[in-house]
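Heads up, the next two complexes both have subunit A, just with different partners, subunit B and then subunit C.
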Partner chain A sequence: MNCRSEVLEVTVEARQVEEAMLALLHTILLHRSSGKFHYKKEGTYSIGTVGTLDIDCDFIDFTFVRVSSEELDRGIRRAVSEFKDALSITGSDGMGQISLEFYQKKKSRWPFSDECIPWEVWSIKVNVVNLANEQERQICREKVGEKLGEKVINVVEVINRHEYLPKMPTQSEVDNVFDTSLKDVQPYLYKITYQITDTLGTSVSTTMRRLIKDTLAL
Partner chain B sequence: MDSGLSPQDKKDLDKFIKFFALKTVQVIVQARLGEKICTRSSSSPTGSDWFNLAIKDIPEVTHEAKKALAGQLPGIGRSMCVEISLKTSEGDSMELETWCLEMNEKCDKDIKVSYTVYNRLSVLLKSLLAITRVTPAYKLSRKQGHDYVILYRIYFGEVQLSGLGEGFQTVRVGVVGTPVGTITLSCAYRINLAFMSNRQFERSAPIMGIIVDHFVDPPCSSQRANMGHPCNYRAPDEEDGYAGVQDSQEVCTTSFSTSPPSQLYASRLSYHHPAQTGAAELCHPAANQGLHAGKDHGGVVLVPQPPHGADAHLTVEHAANTPGSSGGDDGLTHSGERRRDEGSSVSPSDPVESLNAFTRKIGAFVNKSNTPITAASLDLPFAAFAPRGLDSEENDPMVQPPDSPPCPSPLQASLHSQGSEGSGQQDDFVMVDFRPAFSKDDLLPMDLGTFYREFQNPPQLASLSLHISSQSMADDLDSLPEKLAVYEKNIDEFDAFVDMLQ
Partner chain C sequence: MAHFDTEYQRLEASYSDSPPGEENLLMHVPEGAKSHWHHIENLDLFFQRISFYMKNGFTCMLLGEIFELVQLLFVVGFTVFLANCVDYDILFANKFVNHTDSSKVTLPDAFLPVDVCSARIRDNAFVIFVLIISGVFWLHRLVKFLYNVCCYWEIRSFYINALKMTMSELPYATWQEVQARIVEIQKEHQICIHKKELTELDIYHRILRFKNYMVAMVNKSLLPVRFRLPTLGESVFYTRGLKYNFELIFFWGPGSLFENEWSLKPEYKRGGNRLELADRLASRILWIGIANLLLCPVILVWQILYAFFSYTEVIKREPGSLGARCWSLYGRCYLRHFNELDHELMSRLSKGYKAASKYMNCFLSPLLTVVAKNVAFFAGSLLAVLIALTIYDEDVLSVEHVLSSITLLGVCITVCRSFIPDKHMVFCPEQLLRVILAHIHYMPDHWQGNAHRYETRDQFSQLFQYKAVFILEELISPVVTPIILIFCLRRKSLEIIDFFRNFTVEVVGVGDTCSFAQMDIRQHGHPAWMSAGKTEASIYQQAEDGKTELSLMHFAITNPQWQPPQETTQFISQLKERVHREATGAASDTHPLSLSESEPRSLIANLLAGPSTLASVHFSSSLTNHAAAGSSDGASALRSLSPISSSFHLRGSLSAANRASGHTSTMSKAMAGSGTDARTVSSGSSAWEGQLTSLVLSEYASTEMSIHALYMHELHKQQSRGELSRHTWHRQESDESSDSVPDEVRSEPNPHSRHFPRSHTFPTTVPSPSAIPTSSSAISSTTLGQERASSHSSSQRRYSGPTTDSFGVGGKVVRSARGVPMGGWAEEGQAAPRHHETLPEESSEDDMPPQIHKIA
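Let's turn to the complex of A and B:
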């Protein structure tokens, strides 16, 4: 099965990184979260209710909708926070990419560990810029708000193509498809990773890989 | 149409489409109420949350939607549309967007109704939640209240997009295929309001703490609930019922008359009162229909206007005899405007009180040169919405500074540098496009630029006025040697005085 891959690109100021990432990731997860499944006898199940919440951004003229689940929000914020810190370490004008990957688990026989097969990957490329004065920052607030609006429309467009989604699982398989650890909602299994590109344009991981390869080659 | 669809599936599908339509309307209207929406997730299914989403049902909205549908379902050629429009406190209205739920003939026979269609409709509703926060009308709706309200109207049948102006844009929220057709949800929105939203509606908020609603009732808080009166759109005669008290209280201090929004506002005022045009008529109240002096108090003319479009409004104007002004008042020296419901009485003391607070400003900034602009704006409908030209640059004192008068002493020069509108220069604009450091002054109503403008030009202290100060300085200097001689002569007296103190 092919993994669907979508790339979104945004240019923001350093202080807008967190909110921009939260806006986009939450928008995607809103569409990829379901209510909690309650399996009944005869193989049927009922689904819980997903609430929503409007969030106003402080540094961007934008409001986004997220799932009303504090646990989910905490998880996303943690990941975004790490990403933001990693970006700021590299210096002022940084570039990075945060990826939200939805995957299915495939149980393998011992001694092999379970496989994680992604079926949808969203990559958000971030360019961080520095602005000189307050006027530019004001303009940036509005512009980034508009851009995020466009990205939300892009996300919605992709999702509404109704392409591959994992089959609804039986009770025994539900943990291979959904993240059932949350109390109130049930998103598809996901993980968030990121990579930072240093100012030379190469990603840090490729530099490290090259170093190790060179060392081993000696 | 029903080939291959079991009766149960058909029944389910109809139910899904009906409730989807109702929920769509709820989401759209709730997104335009001007408040943030918050609903809770619930892990145990309640059975009443359609599409597994917690979307509240506002009863009036459901009622209106059912009325519009009149027992029918959206189908091929029968679209359900929700029209969102904006209505200003003066009664001007404009369509902002139209959300359309349509169906076309493209059928997906193999799709499972009770499962796949249901889930996809759920995803489509989530998309609608996201997209309703993205269109330009969302920001406008969050700021509604004093100057304008957002209205909705639901209709069924053919889609009408002509009211959206030229160049409107369309965003497609999503599609869901069903065995009877493909459901499409889209939004067509006006784009040439985006410019106005930043300039007119944001800047016309009260400025700098001088909010004139001290004297009147606050705007009815049920204004938001008035979204549930789509009839207002269809029947403009019924405006009375819904608005409650709509106060468009503007502190139109003329120190801002040069900046686009207050001129915009002032020209709006002029447009709306065709009986009061130009400077001359304000000085001759007798000649002006609709103007009569209710109370003469230091030159204040109280003007109860005859009802206009079922709204009664009170205009307070400042006539010519304020100190320092040379009779050059025109529409731009309005200090404020209030509206009340038809039939409520107006207390004359209130506008006077509010005017006294502004008297000093009005005296200083009389502006003649804008008369042609306000007169011209009368010819255009929606003149208030027209972008402001850049013609003020000719009068911009920043661009072409007024000649400073001759300064006999350095002290006078420094006294004069700030107060460029001393006696005899009242006709000029004070400031245009003033951009203080570290701030952008045309977005927030109460920011640095406004503060500067407010407090930069206080009236001069009498003791610091030029003639007296120059005279006293000169006198002081001249009399100094004589004084010294006198003091030397009486030096013994001074010494005795000092001894006495010790």
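Let's turn to the complex of A and C:
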């Protein structure tokens, strides 16, 4: 695929899943968001400000920074809690993967819908473990905090590389690159998907879709 | 207070047009997307289309597809019409029509009226069934066609807007030129987002991803395409239908090994559950085989109809065309280099066509010739009489069966004539074979020096078959394909799983590719093919027939701009220098490999001047009277390649000039001496050469490649002649177990070595101790191989190659299966428990799962 993919892997306790996921997703999005663009007449624009917020975790010894946008936070929280629920249904020690995909829209002519072409995918693999007693939980609490700190540094390193980013759009194209629906911040277009290990194999519908696409492309 | 009137004044309302509070903000200018060619989602498909489009152009593509659709409609419609709407009694004049005005029967008389016709169709359930099936198929094709048109329209605008090539100059452009432009485009638009710059190899990898796998699998004799039939002996069966099924199973069908076009499914990259995966693959093959079996009648009917409509007319017009030959599908796979595009392969093979058919014609049996001459004589006399009578009075034609017998006699004579050799032809197979080799670049070792033997001819005919045989094979393909799938391919499922795991590498910016296609001498080189000492590959990892080395040379020569990794560069430049030196006739006394007992002439001189010593020995022993004539003819045939030596020098200097102007690489030193004077020819610029120059260059490139191929084969022969004694001993050993068929060509010699992926050139690929690289593990595995071949008893021995956990090209490539390439030749039952032990335990604490090593 013509897109970068980065994989992060974490091992956490069931109650830490939500916070760990929020920490990582918010960290990535913090670096993939910009202030709102204000376009001027002559084809120039200025960029608004982005506020940041420190969030302390309850179940992990960890503090992370996120964009202070309630709307953005709400969207991510919804996705993460869905993921957490799906994970808890499968049983105590599940495995799952949540992925954050940044994409660009490409306008197509009439018979086809707009293509969404991803350019960067972050996959976070989650291993849920069960701990026996309180002491282990305490140790886990610290260890996961440390691990998350490493991951955050990892993320920042990756983002600091000079690699492909969509070019800054003109006013008419801004919707193809950025998510402009939020009023206080403007992240790159993203979507969050998740998989639980049981369904990690290709499902029937994706197979069918691929089959049709492949026969068309032959 | 004095009022100074200065020129300094307060600027009025300078910030009035910006909202308050934003005065200090930076202003940005959006770059915008100048074109929408940045960041293309499916580059594989995109490059494939570009290369396909280049050959055809939009209009041809459109017309071709439309006609294909129309043809399909026509075939079905016409068949139904012939079956239901024609009154054959009238045509055959068994029934008379009473016309009022004239007695002539016209064609429309034979047609049934529309209502009768439609009633007949409606009553016939089978016809309805066929019509429905073909209707669905046609609709599917129609949708595909519309989709394709849209895609190619995109490609067209890419050519015009991004590559800046107009449609009028496209037919005359070479692929190298288009490719150079794509590489340029990448710098500007970033069509691939992983890297700043695309290399030629990346583009080839993407276009040929699956084809490289197929070539490698044929090279390692993994695909069941060679069979030993009870009466026919050794034969090859590889048709389009079979190929389609292979691709369906491996690459894109539902549940195939590949997740999408660019990556293998992760579970196939780990060795852990290979047995389970093999089971799954086997059952999938079974299902696909059954599906093939069920669809067999439909496909069969279609094949027959299609063959009938497309070939009958041709056969009637020129019956000789059936006696003509073509490169078989298997041949195209066997002869293909890694990273060779379709058009490159086809032009190469077409150049060898004439020599190849000449070679095959050498072998007409004298008995057959005598018979054919006489049959032709009798048939000819009958025909002459009939024609003479017809000329005298054309009423003869209306006598029953006269017209048909004239036609039949004509066919008969043409067929006979194809068995009568040209009077002026001389028997010089060795030289002809060498000319063929110059173009096809590959041949099994045992052909050299045995060109006059029937076995060689038979094996060559597997690559170069009769057109008639090709059509016949296509016709029976629907029946045979499911049998092959169910009974042959299914048994190989474990080997296939192992193959894909061991020979898949993930290249940044390209995805998963066949590791053979990296053309890395170190990983896949063959010690008997000049890479001795450089290669670290075990026998399982070596590409047979010098595929890696020849492919590398081919790619480097056709893409002079390509910058290979360091070691590879060294290999190429060494080889080029050697060839160059010998071609210019420099003294070759420093040559390390000319130590054998042959005369001290340089190899190239050997090649150009006349038959090699070995060949002439055979000539003199078998056909003394022909030898002299044969050699001169052969030499002239070789000279017909093109004025070799002169063009070779020119090409060398041209490419050197390019290199020198484009990049400063170490390679240019080798030819810099002659490169300076030719710099004017290539007109300075490296990427944007004139069309003429690039055409000329590609022509020289093919000649240069021919020389290199010949040279490498010659060197290989000299090298292996040193170990002749061992070689013959070995062959005798293995001959004991089999009959007189040459052991090189057995695909499954006996049940013991069923899982031993024998190459058809196996015995000669066992290197002698002198040729073995220093790697100790390679030695151990080769000696094991010899033991096995001699004893035939060790069916449960497992060969594990050396642990070459090496980083490939420039450290960017990572072997997906790290550690031991497992299960290469292992027996299922034995291997299973061991693998579970030896598997590297995958730690979940790892930041990166094992299949995604990111080194770059």
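What we mean here is this: the second predicted complex is superposed on the first by the 196 of 218 C-alpha atoms of A that agree within 3 Å, B and C clash if a C-alpha of one lies under 4 Å from a C-alpha of the other, contacts with A are read in each partner's own complex, and residues count from 1 in each chain.
Please note the rule applied: a residue touches a chain if its C-beta (ideal position, glycine included) is under 8 Å from a C-beta of that chain, and two chains touch if they have at least 3 such contacts.
Predicted model only: the values in this text are computed from it and were never measured.
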Subunit B versus subunit C as contact partner of A:68, first or second or both or neither: first
Which of subunit B and subunit C A:78 touches, first, second, both or neither: neither
Subunit B versus subunit C as contact partner of A:191, first or second or both or neither: neither
Partner chain(s) touched by A:31 [first = subunit B, second = subunit C, both, neither]: first
First, second, both or neither for A:154, with subunit B first and subunit C second: second
Subunit B versus subunit C as contact partner of A:47, first or second or both or neither: both
Partner chain(s) touched by A:11 [first = subunit B, second = subunit C, both, neither]: second
Contacts on subunit A seen with subunit B and repeated with subunit C across the two complexes: 38, 46-47, 168
Complex interface listing, subunit B residues touching subunit A: 36-46, 49, 52-54, 115, 120, 123-124, 126-127, 129-131, 133-135, 138-139, 142, 171-176, 198, 435, 438-440, 443
Subunit A - residues contacting subunit C, complex: 1-5, 7-9, 11, 38, 40, 43-47, 104, 106, 109, 111-112, 115, 117, 119, 125, 127, 150-151, 154, 163-164, 166-171, 173, 202, 207, 210-211, 214-218
Residue numbers on subunit C that touch subunit A, as the complex places them: 22, 25-33, 36, 38-43, 45, 140, 143-144, 147, 150, 190-194, 252-255, 259-260, 262-263, 511, 844-849, 852
Subunit A - residues contacting subunit B, complex: 27, 30-31, 34-36, 38, 46-54, 56, 61, 63-65, 67-69, 133-135, 138, 142, 149, 152-153, 155-157, 159-160, 162, 168, 183-185
